[in-house]
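First chain A sits with chain B, and in the next complex the same chain sits with chain C.
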Partner chain A sequence: MIRNVGKLLRKTKEKKSLIQNDYQDSKPADELDVSFSQNVETLRSVYDNCSDVMFRSFLLFGKTRAMLIYIAGLSDIEAIEQYVLSPLMQEASKEPQPLNEFIEHKMPVPKVVKVNMLADCIESISSGNPILLYEGESDGFSLGLSKWEKRAIEEPVAEGGVRGSREGFIESLEVNTSQLRRIIKSPALKIQSMKIGTLTRTNVSIAYIDGLVDKSLIEEITTRLERIKIDGILESEYIEEMIEDNPFSPFPQIMSTERPDVACSSLLEGRAVILVEGTPFTLIAPISFFSLIQSQEDYAQRFMAGTFIRWLRYFFMGLSLLLPSLYVAILTFHHEAVPTALLLSVAASRESVPFPAIVEALAMEITFEALREAGVRLPKQVGSAVSIVGALVIGQASVQAGLVSAPMVIVVAITGIASFMMPRYIAGITFRMLRFPMMLLAGTLGLLGIMMGIIAIVIHLCSLRSFGVPYLAPLAPLKGKELKDVLWRAPWWMMDTRPSFTGDSNVYRQAPEQGPNPKRGSETE
Partner chain B sequence: MNNSWRQTRILWKVKRRHFTKSVLLLLGICGAAPFLSGCWDRTEITDLAIVTAAAIDKKDSNQIELSVQVFIPSSISSGGGQGGTSQEGGGVTTLVRSEKGSNISDALSKLQSKLPRKIFWGHCKVFVFGEKLAKEGIQEQLDFLLRHPQPREKANMYVSKGKAKPILESLPPLENYSGEVLRELSDLHIGMLVTLQDLDEMLTGKPQAAALPVVKILPPGKGQKKLQGIPYIVGTAVLKKDKMTGTMTEKETRGLLWLRDEMESYTVTFQPKGVKGEISLNPVTAQVKIIPQIINEKWKVLVKVKTEGAVIQNGTNLNLSSPKSLKAAERAYQKDIEKRIEMAFLHTQDKKADILGLGKDFYRKYPKQFNQIENHWNDIFAKMEVEIDVVAHIRRQGYINKPAGLSENEVKDK
Partner chain C sequence: MEKGKISSLQMAFLMYPTIVATAVLGVPSITAKYAKTDLWLSPILASLIGFATVYIAYKLHKLYPKQTVIQFSEQIIGRVPGKILSFLFLFFYIPITGQILRSYGEFIVDSFLVKTPISVIMASMVLLCAFIVRGGIEVLGRAAQLFVPVFILPLLLLIILLGADLEFKNIFPILGNGIMPPIKGSIIPGGWFSEFFLMIFLLPFLTDMKKGMKYGMMTVFAVMMTLVVVNLIVLFVLGSTTSTKIYPMMNVSRYISLADFFEHLESAIMAVWIVGAFVKISVFYYAAALGTAQWLNLSDYRPVVWPIGILIVEFSFWSYPSSMDVSRYDIVAFPFHGVLMQTIIPLLLLVIALIGKRNRQRKGSNSS
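Our next item is the complex of A and B:
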């Protein structure tokens, strides 16, 4: 078998050049021809059977044959008519000389680019910029007149909040980058872009702040992105899974957000943001485990409230992972570990339940997950039906029928609520998923099993990295100063340093000792 | 164009197959491990007979009788539904089963055959020894309770007046079961509270004497069913080594609590000099220090008491807000406590059993001297002198200053 592998390996080396050629094939490498009609013919054959591609032929100043190629719906037709066709279709006497200079510099169009490669022409047409070709000119002109329908900026659906910006990202990359730029006006905000996907040619942009970000991080992200060879990118998750450090981890190592303010706060901390066309969810890298538990709202309210809510979240994070397993473990192995009165009332309620605790717990948790999933997918009008069925059938009827004990329902309900307390939906799902192996461990090995599970999870978390940043930073490795954003949410005047793990080139983010106090009052006068 | 992608894919497959195989194997082994090894001590809560109290009686011909009070889960729940708890009127929430045997474990194994569920001691917080057994010695039974992993060391220990089994059989109207009644009563610290661990410490320690609360059934009131009497604490049993040698009354027990510094809730009622009526006090704080002394070969114990009380009833005509009358009242308070402690001390000396644990105190302070007399410690204890030094203050007077219902003239201000 080893010999076979060796043979195959050698074969692929030969094939490698072929593979690379494949990508070139999809992008014709030829230059535009000198002949106008030849060029038109080539483009027509490229866009064969594409009814949405318009070939508008006309006479430039009454005598030169010209062709405007654009895609209906992607280009601004009114602007084409007003600023391109009407000045160019004037009488011959008004013809300016030379013609190409007029087009390049005197036409009232936002952006005119000379293109001489066929591939660039196609790229331009596909992204909505009409191409102007005319007789006697070997280059084409790409006119920046793209305009297509897009959603208005709306409130982020998956990351709501009481206080803070109400704007969310949308599907259009331009609008998203403009939202970043609107918040961070400094030219230090750099946005590099590339196209990924052999068929979709999706625009992907990497945003970062020059001087804050670790240069090697941007290089690493770029190389990882360039490595992606895929037919299409429809969501940022495609990219996330292809560039993350450990693909076989239940924990996300790249965070996604649909809030420009969250993206910007990450930028200011020296992280990079990857924006993907076609989805409102942008990616943030590198992150640590604690980024998943921090919400924008923590910073938009008084620091004591923020700290309180953060601790509440830590507590319920533990509950969402462990509560059902603790319940099962105690009920099947460690009966002496609960107060007598509690044990007696639990024993009384479990008296008529026909299943062992572990089966009951698994069944209820799975039902809860099904209910949640059904609620997410259903149209809004039917959604209420699910909640009624869930509350009545699962909550009451099953207890009344004696199939499930009432304490179990309470445990499942608390666990469900606890898992929704995670500000990032993905992180909540991670914990909900890990709950099941934990329950199995609890049902087979009791508290011992739970401890084993916790140890395994912690070891895994310690080994994880997100673009080289330890996943549990700044807790492990411990950076005492940076716990200001983990153990509590320090008041803003104490948040004076940036996290060292994301970039240590520019550590201080504000002047020292800005805490308001009576002495400072006269200082400013 | 995707043809070449497919080719690489085939190649990867071959490369990965071996890796995947080993990973799957490893996962299989690890995944199966908990299912193969686990579960051996898994017990559903519905398969447990939760023992809430146990009683051990002496039977004739060297046999003991073990009685357990087992909780009936279905009694406090009507199978879910409306969640109605059917415990009004003292519904039966427990059942009592007993079996004879040569010792506890023997009786237990026989008892298990009478109960469909596995006997679980983990929540048994009350153990009652029958009087007869206590008089003959409890050491043998104690060994089981301490050795077996399930019984709690924090369980309360009692000696019953007469047989112990009826204590378990009584159906208290207020609590769910009689074991709970005893536990709650003990938590009030009216009588002694001795846990299994305390008992073990007392018996293995230097003094080799122990005290256990004595319980008795309070007869049911008129119109109540026969079993509705509750057990209550009537005094203290004195154990020398592991055998019960005598009892102390409730009043003596209270003095004993003073000496052991376990006084928590009590009411002291006394009569100040030269006035009619009595004053009752509740303690706010009470600190008792026992200082062993050997002066000129004479063994002596100094009891230092520092207590502060709050007036709860003033039946005299003293106005306690005037310093003079307060002083008088405090003096009487002090005297009363002195008297109580002295009486309790004399009573324990009578029994020739050092249930105060003085032997331990002496051993700590004078180890050499103690080792010399260790064998006749009880005699020395019985003859020991006691000096009591009480500092008692009245700190609070309640909502009113002057005695209620008395006119200005009647109140003695000075």
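Our next item is the complex of A and C:
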């Protein structure tokens, strides 16, 4: 027994060391050689069988052998031609002295960096910055001429809105940070960068506002990010799952958004934003549960409308979790709670249905989830087919055939609508998932089971934390003052303070008592 | 042991359902048995025990601010007697948690899930409570903050919806048979009010210890008002038949009829009441687990949570052969057992501690 455990331990140790070796191999730590041809040779062997890497050899001012290395499609060819090759390929008589001085300071290129490590050379080439090497110089020059195809800024797809900014993040990290900088022009907006992923070398930036954010939070995020050892980051979700507080929770403890305005409003509340190259979805941490059910549009319309919508959303959030289970519980265990007339009509429509309510509900809910998923995946051309199947076959035909009762179809439809009312898709899916255990509980213990399920969810939510911030703040622990953004959407002139758990270092966000007051107006006149 | 901290408001939110949850069901008919139409006076008299218990608990807490009764009883009366006394406390709290659990299960099985085995209902509740107890006092405090409004609002709603059925003249005659019936009726609720001694397990973890007394007293007052209002509502609706019902609140909730549509809300009331029962059992369970760990000088109380959960379920069966015995214990034994353990013994502890302190001071001043 003990020997087995020992073997097991040894095996995992071996595995670990294997992975570490793997990572070290891909990171050459050598310096560039003094010899030009040796350097070219090394780089050629590194980029062996990479047909997209261009080695452009030429003569610097007619006599010095030089090599420009770049990747096709990642660098600005026109700029290379105009600002690098043409000034450097002049006649020998025009050769300036010293040469490296000229390249570093007199070439019309936005950014020139001297590199002397092989790894840095490779890094630079891979990110689209051409490397210039020439004979007699042991350093290379990285020219900041990267340029690649990217999508235009478009309307965010997953988070629409009627009023408010229509810009969304895109896949390019530089464009995304520039969008943040365009909204928050203060130099207090700090953006720290790092590279994660041994193969993808994905750029990851942490944005925060100096003076608002808790310094220890940034340290914590940085250490958690630095701990990630992975071959590649393709989506911010990879990072989210690697740094969140409780990985075994159905509730997201880090919010993702593709809207710059949402990211900026979080920054202003003293939260940190993690931007990841290659995905329009940026991460916001720390969050509370209520961040997930607040939409930017609550703040972009009159506060009464915002409050109304918010309450509607709370109500339907409850429905999306509970409606099918309440229906099952009441039909199975608590007939007496239904008014007689209603009970009669429900019973009449259920007369021919051969299944118990719980089976009926589970079948319909699963079908609905399948329809939803199919609707997301399927090519646009066959979209109408699914909607016909969904509406006619499952909706109408199954009721007519007596397999499903009409009230059940209504319940499923309302639940489906309710689950899409969540402004964050990821939160909606959490509730859709939790609906199934709730239905099973309702089918076995009735209302008691539903209460048990709710209590279990609340216990879980109460124990969750997002980067140290209690998940249900400001409701539990109760912060009376901050309910202004939870129980209702207070008018902007009442939003004096930042949330205490994130913006504690700089509590006030605006001058107090700015409420529009006709009297005050007449005083100044 | 317990690293979490709660605010005194959270303590109040924890203590309120701890008393009210079960009292709201049983107290009206029990007090009606003795006090008849004066049943609303009984909670007021009984609350005196509550105020006294909070006072004693707070005074003890001030003498030993970082400790619970399990720890400081050793310091007050010596190591071996202290251990024995602490064991008595544990042997009080663990079975009493079982008793609460049993009455919860009996209520659910009696009124709603007639065919479900009571062990399933009790075990599922203990499971949930074990989760929250393992989560620590912070989770407990936060959950209470969410649950108590859920518990109180329907109570208020009930009163409003019952407006049409209230017969205010049922209250007369006031004190028709003198003051003795309400006093007799207050003895049993007194047992409930003595449960405020559980505060001693929460006070060491307060962030704002000075407010502990204030919020404790306010909670007693809130509980008293709730019970008075509930007793009055039951009296106004049911009149002299109150004492014949086991759970008068449930009978009362059947009177609700709004627009011929909202009727028979008792299952909704039950659903809400479960929340209160959950907080109550959790607080008792937490005290039992924390106390056991402290009694055994463990470094963490979490390892004992599951064993104690099993013990609680066992005690709920061992102690009471039938549901009649559960309610008999509530009426005959608990008022005396509860008050003895939670008010009188702590009072004695406090007196001994104060005398000991004075002696020590005198000695100190003599020697110097």
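What we mean here is this: the second predicted complex is superposed on the first by the 498 of 525 C-alpha atoms of A that agree within 3 Å, B and C clash if a C-alpha of one lies under 4 Å from a C-alpha of the other, contacts with A are read in each partner's own complex, and residues count from 1 in each chain.
What we mean here is this: a contact is a pair of C-beta atoms (placed from the backbone, for glycine too) under 8 Å apart; a residue touches a chain by one contact, two chains touch by 3 or more.
None of the values given here were measured: they were computed from a predicted structure.
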Partner chain in contact with A:Ala511 - chain B first, chain C second, else both or neither: neither
First, second, both or neither for A:Val162, with chain B first and chain C second: neither
First, second, both or neither for A:Phe333, with chain B first and chain C second: both
Touching partner for A:Pro477 - first (chain B), second (chain C), both, neither: second
Chain B versus chain C, judged by how many residues of chain A each one touches: B
Touching partner for A:Ala152 - first (chain B), second (chain C), both, neither: neither
Partner chain(s) touched by A:Leu445 [first = chain B, second = chain C, both, neither]: both
Residues of chain A contacting chain B in one complex and chain C in the other: 333, 336, 445-446
Chain B-touching residues of chain A, taken from the complex the two chains share: 4-5, 8-9, 11-12, 15, 18-19, 22, 25-26, 198, 229, 231, 331-333, 335-336, 340, 343-353, 356-357, 399-400, 402, 405-406, 440-441, 443-446, 449
In the complex with chain A, residue positions of chain C that touch it: 7, 9-10, 108, 112-113, 116, 120-121, 124-125, 128, 131-132, 135-136, 138-139, 141-143, 145-147, 260-268, 270-271, 274-275, 278
In the complex with chain C, residue positions of chain A that touch it: 333-334, 336-337, 339, 342, 445-448, 450-452, 455-456, 458-459, 462-463, 470, 472, 475-478
In the complex with chain A, residue positions of chain B that touch it: 1-2, 4-5, 7-8, 10-11, 14-15, 34-35, 38-39, 41-46, 48, 50, 52, 71, 73-77, 79-81, 83, 120, 122-123, 125, 150, 152, 176
